[in-house]
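I've put the structures underneath this note.
In what follows, subunit A forms one complex with subunit B and a second complex with subunit C.
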Partner chain A sequence: MKQPPQKKDGPPVASSVAASERGVDRPVEKERKKDLPPPRMQFDDESRVDKAKRRSLLNQPEARNRVELFRHLPPHKNGSQLPYLESKFFELHEMHPSVYKVGLQYLTGDTSGGNARCIAMLQAFQEAIRDYSTPPEKTLNRDLTSKIGGFVSFLIECRPLSMSMGNAIRFLKSRIARLPLTLSESEAKAALCSDIDRFINEKIVLADKVILRHAATKIRDGDVLLTYGSSCVVEMILLYAHEIGKQFRVVVVDSRPMLEGQKQLRRLVAKGLSCTYTQLNAISYVMHEVTRVFLGASSIFSNGTVYSRVGTASVAMVAHAFHVPVLVCCEAYKFHERVQLDSICFNELGDPDAVSKVPGREDVNYLDNLTDKQKENLQLLNLKYDATPSDYISVIVTDYGMIPPTSVPVIVREYRKEYLLI
Partner chain B sequence: MPDTQALVNDFLNKLKKRKIEGSQATAKQTAELLRSVISQTRVPYTNQAAALIQSVKAVGEGLIAANPVELAVGNVVRRVLHIIREEDLSLTTAAMAGLNLSAVSDDEDDVGGDNQPVLSAAAIAAASRSTLRPPSLQTLLEDVPDSAAVPHTSSSGGDSEGKSKSADKSSRSRKLKHDVIEAVNELIQDINTCHEQIAEQAVENIHQNEVILTLGSSRTVLEFLCAAKEKKRSFRVFVAEGAPRYQGHLLAKELVTRGLQTTLITDSAVFAMISRVNMVIVGAHAVMANGGVIAPVGLNMVALAAQKHAVPFVVLAGSHKLCPLYPHHPEVLLNELRSPSELLDFGEFSDCLDFGSGIGAPLLHVVNPTFDYVPPKLVSLFITDTGGHNPSYIAEIYQLFVTSLRGEDMKFKSEIMKTNCVAGGNLVKS
Partner chain C sequence: MDFQVVVLAGGSSKNLTPLVSKELPKPLLPVANRPVLSYVLHQLEQNNLKDLIVVVEGEDTALVVGAWISGTFIDRLHVEIAAVPEDIGTAGAIRAISHHLTAKDILVVSGDLVSDVPPGAVAATHRRHDAAVTAMLSSIPVSGPLDSGSSGGKDKAKKLGRYNIIGLDPGKQFLLHIATGAEIEKDARLPKRILRAVGQMEIRSDLMDAHMYAFKRSVLQEVLDLKDTFQSLKEDVLPYLVRSQLKSEALSNRTPQGEENGNEKVTSQNNQVFVSRILANSSTPSFHDHSSENPDGSASTRKTHKCCVYIASSGSYCVRLNSIQAFMDINRDVTGEADHLLTGTSSDPNNNIGPSPKLGTKTTVGPHCMLGEGSEIGDKCQVKRSVIGRHCRIGSHVKVVNSVVMNHVTIGDGCIIQGSVVCSNVQLQERVVLKDCQVGAGFVVTAGSEYKAESLARKEK
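This part shows the complex of A and B:
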């Protein structure tokens, strides 16, 4: 059985499958171990990195000048990998084409945002499951699980998983594991596909509708709402509130290097909202007139820390200093039992060259043409996420209602079982 | 004066069009301009300090109005006025001490004058004391009547003593200008060397294996860090790029050229990285009288993050940046908005700038401020060319400075003077 090289995705399913084989008498430690988040790939350990390299499909270039603090994180794989991957397509016979397509979309950055990535991945898995047929001498459960594991490790190589994707994979694997053995193959496949559809529908689409309704009650006429970057949930809230006739103004705060706010700005202005656009540095200047701050999240951890696009922590901190309430809008399936205190233990590194190059501004390209000696001393750091401490958050709007940050572990504990048992 | 007028106009234009970058350059050019104004001013025999003050004030007001946000101009004008008053005072006390005036004759001369400050033995004694002792709160409060009194007493003294003094006076008139110009030269020298003096304090503040964070680019910070590097301190620097001017890129380039380990980060990553930083060192555009800092945009965010993580926030400022004004609404009144094209490309967003929809007003506004205000409670330390100070100490030294230089408050001061001199006279006589 092919073990996934990076054990990032869900508890070791092999142990649960093996245990169900052995029957009821399972040692108690395995039970407890299943609840702990699995250990992650250590990128500062040379031997493990070499092992992973030998197994990897992508050609990982030696990242020059890696920032010391972040040696434990994988270096960024940028779009230059694309031709290499394309050439390897016909060698990857285990890979389903839709999974491959989704992986490429992640690699180039075409698909970004927690919900979008999760939905794309689940739909690709649906396709793969429909086309799947059990090889002889193998059971559906174990073989399909290992195939999914293979897909996941490919996607991880294209771009590290987001928390939402990790939770969705865990859900899928547990569904596969709980399939009654009496089902025929076609019935099992149909059941799995409908489960995935229900997951997407209930946990994402309907959850978003509930969040819209809750959050719109917090918007009054005459409000000035601040949003950071580009969060699909916040955009939906703003458009919904505009539709139901509330009068408000939006301040869109943006930051380098992704400049995601510009896309959201365009969509908001197209729908007729009155917007102000500014960069993150000017946040103290605009915060005087802001009445509410709406933020999206990639995940929320059990200690109430919000894991979101880099810069969100600064926005929340300045809002807190100016006594402006901060509302984080996040579906409950993104909650995670991990805890994190700062943004360094776990993060994602982006393309370092995106920091030194400023697109569209030729006058400020000071870092072109550096000598070797200069390059030796210069390191570029492009973080993708950061962790906002819970004391800056006023309320979290989820599909379970509006909760304070301290209630997140409760939701994780109480409702995690519920969705696993759909 | 036509020469100076052309120079003044030229400088005014540069200020209005924001052609001069940086407070040091502005301060230096202002001082040089005022120096030429002073040397070209024709001073009468009597009350020459007042004439100099008048001409400097006239030019100064125009300069300040051209660029109200560039506070270094006003600071230099005030310093030059202070220099004129100081030089005049020291000349007068030297002259008086040399001429052996008796207390009685002077009292008789001045007792009839309205608004004529009294030159009593006490005042002379106080003036001579002030030139000998370093300034303290007491001497500065005593000085106020004397410095305002000096122009008048020189005239009244001259009239009463007769022609024997006229020769001294003319030599003294030339001497006043000469002294003032010398002092202004010293001021220009100070402005030029403020970076070195601040950099000298670098070694005391940076230890080994430190991690330092800075945002944008400041020449003072660059010299500071390089001075520490020269003295063989090993440390690393995180430079935040400081959008939308991206001056952090420039600073990073300079630092790596001089061999410092530098990491360039985006402004959004400041909160993420600040927990691993030992010290934040930044430059300032101006320091206000309450200890608040007018700094490049983004530094309030950095200061708040530093406070949250208990990281010292150190501001480096040359003394030409210390401004005796209190900031009221500094985000709006002491700020400048730059072109939106630095944030959004006009071509790309031309469809959003459509006026056609609904109310006919543009739906999209773009805000691009240049400066940020950092309140004094977020600043741990100021390092100026005179040493390291607390923000509250900055407020204190400027309280004292302000009381000693407001010439336009002379009427108010004369009332204080009369009460002081009477009391002082009793003391000396007994």
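This part shows the complex of A and C:
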């Protein structure tokens, strides 16, 4: 008997948190329930997968040798999608060219990282809104919302949404829904575009500047800072601290298969910071000389769990064991009401073949010559994200200040209303 | 999708005399009994590109081509014919129609390209990298039996002349160097700056430029305005763009992404810089970004533009009709392996023998042949791997092997036609032997003559 897919973002969570404020906040809760994104599709539910396949624009690849435990996650869109999408380039009428371009960039991995993906998507939506014109006999609100919904489904098929993107889409849809009906079309479009600009400026750009200032106060001269992977906020913090004259050195920890730290390393070294580069296997050897750990996050959940690039949990755990403070730097728009206890129930799968190849080392190819019979017994797993429990985090630096992990639900509750009600 | 398609249909062609003439311009040269331009137009129609500009050289040719297009594609495509003076070159043709171009990107397709590669692939690659130009490369087609016999020392030089030298980056995304066969004598000169920026370059000689380009309109118009002497897209404009991709001095006043500078407040400028830095940091850096940075890491004022490639997969078919050999090859392939190109291009049913050709007794028609409608073939004939046009009268005891015979041809008894092209309205009298010949339109070949590797054409009055 198959269980119906669970509603992932919990109205039960929201209502338990708001239990004390029942009277005043009832209408707000109801609105929040309406705005919650639809339940995520569980990919081990056959009937839903088939229905989605029929509705989708892209070819779903065949599921091949997937790990049992992660079968509920959407399979990785490997490179075979790209030719199919390319051949359909001129046939997708509903798709705006900039949305298409952003989708292609997600699919090929040209754009990655929560902030960058969110900004790229919002800018593409801005252009789509500018080129939009209401068809006759339809209202702007409903038609534009459904168009944006179409764009979002396309982007999801290219690559599953990140939390930051999900929050941004929710913001945009609520802004569209709140447009007064008396506005003319050009005024409405201009208002929406300026709202998007304001979102980017306030929630990302200004937030980053505030985070820079806060975090730089935590860096002292003579510090050895450790960072993992490639987070744009952490990189900005390091560069800013270097500019204002603090003396420190950086240890960049990297991991296969993405090797994102190399790009960050190149940029840091180009600016003159003294850096050390190592991989995740050496984390416990390096940690004894580290004084602070700075990590970025894709999202932070309501119980303080940090959802970030896979490997972050290990770094935080080792740092905790060595009594090194861990600072997570994350803008507040990435917070989410969801509660997640492990890395399994919600994650993203990457390309399994990337795990079996080491770039630049052609001689390390032990998995290339397996027979098909052997391949049946081997399942390759490439997870993109993991969840770090809040016990390992010392402080979270956000644009609302430096808060302990237990204060995240407060920010979600108090400040989430702000952009829903404006 | 903000793309405008320009089809360069050419007009007359020196390589293809005597096949082309005033009445039969190159775009209308029949391949498998359909004009070669129809393959391009059909493919564009299938990919949902319905607004085209077709550029033809010469006023009269333009009228002929225009008449044919409006006859065949009357409701299916919206085509604008532009006539340009002769011998103006492909770049000149684009210069002439430059005021018609309004979209953000231009897709330039050569009218003599027969392929099944979707143009969407080139367009998608172009958009994804935000490139200035994207070229489509395909593997060099294997040529027919005519050329494969010649190999050996003295012919190697001739063979090398046909090849192109193409330099790609290790990821096979960007075009680093392109040199056509005519320029290469013994050595190829490679640009040092680009090589230093990339680090590793892969040089291929088995790829050819398929002449389907996607250009950014602003870049193309600027280059054409700046360099008046450029005549050909393939030989001048493309190598120029590839050579200057790291130091686009001509394009240095162009801001990337076309930011609106209407809002002059300092804060908004800062925000734009911030945002673009986030976006730039997230994407995989290409060697363009590395080379445009000064040694201290700040972005220099030098602008770069990207030249991307799309390499057609080996399974796809892509041939250009620019020589007689290619003409024969395409005819053979389209009736043979690549017959998926034929489906739907005309109203004829799918079977290769059109309605009402009359075959005499004991006549064999081999596989991969095509007979147009209204043709009559006499007794004891053999037709192998050939294309025969409409309303032909072929006598008895005729052997047609590996040839192309166009419409309204009369072939007398006992002829042997091998590896040849016979144009329309030709009369071959009895017992003519043609081997590797090309017979121009309206010619009369006297009885009993034998021609080998010659080109016969009627003298222009």
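What we mean here is this: the second predicted complex is superposed on the first by the 383 of 422 C-alpha atoms of A that agree within 3 Å, B and C clash if a C-alpha of one lies under 4 Å from a C-alpha of the other, contacts with A are read in each partner's own complex, and residues count from 1 in each chain.
In this section, a contact is a pair of C-beta atoms (placed from the backbone, for glycine too) under 8 Å apart; a residue touches a chain by one contact, two chains touch by 3 or more.
Predicted, not measured: the structure shown is a model, and the values here were computed from it.
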(request) Have a look at subunit B and subunit C on subunit A after the superposition and call it: clash or fit. (result) fit
(request) Tell me which partner A:K101 touches in the superposition: subunit B (first), subunit C (second), both or neither. (result) second
(request) State whether A:V395 touches subunit B only (first), subunit C only (second), both chains, or neither. (result) neither
(message) Contacts for A:E235 in the overlay, against subunit B (first) and subunit C (second): which applies, first, second, both or neither?
(response) second
(request) Please work out whether A:V358 is in contact with subunit B alone, subunit C alone, both, or neither, and reply first, second, both or neither. (result) first
(message) Under the stated touch criterion, name the partner, subunit B or subunit C, that contacts more residues in subunit A.
(response) B
(message) Per the contact definition in the header, classify A:V318: touching subunit B only (first), subunit C only (second), both, or neither.
(response) first
(message) Quick check for you: in the superposed arrangement, does A:A128 touch first (subunit B), second (subunit C), both or neither?
(response) neither
(request) Figure out whether A:S112 sits in contact with subunit B (first) or subunit C (second), or with both, or with neither. (result) second
(request) Quote the smallest CA-to-CA distance from subunit B to subunit C in the superposed model, rounded to whole Å. (result) 8
(request) Could you list which residues of subunit A make contact with subunit B in one structure and with subunit C in the other? (result) 266, 270, 272
(request) Note which residues of subunit A are touching subunit C in the complex, please. (result) 82-83, 85-91, 97, 100-101, 104-105, 108-113, 115-117, 119-120, 200-201, 204-205, 208, 230, 232, 235, 263, 266-267, 270-272
(message) Under the stated contact criterion, what part of subunit A meets subunit B in this complex?
(response) 67, 69, 254-257, 262, 265-266, 269-270, 272-286, 288, 309-311, 313-314, 317-318, 321, 342-344, 347, 355-356, 358, 360-361, 364, 366-367, 370, 373-383, 386-387
(message) Quick check on the complex: what are the subunit C residues that touch subunit A?
(response) 1-3, 47-49, 104, 118-121, 123-125, 127-130, 271, 274-275, 278-279, 281-285, 293, 296-297, 313
(request) Write out the stretch or stretches of subunit B touching subunit A in their complex. (result) 241-246, 249-250, 252-253, 255-257, 259-273, 275-276, 297-298, 300-301, 304-305, 308, 331, 335, 342-345, 349, 351-352, 357-358, 361, 363-369, 372-373
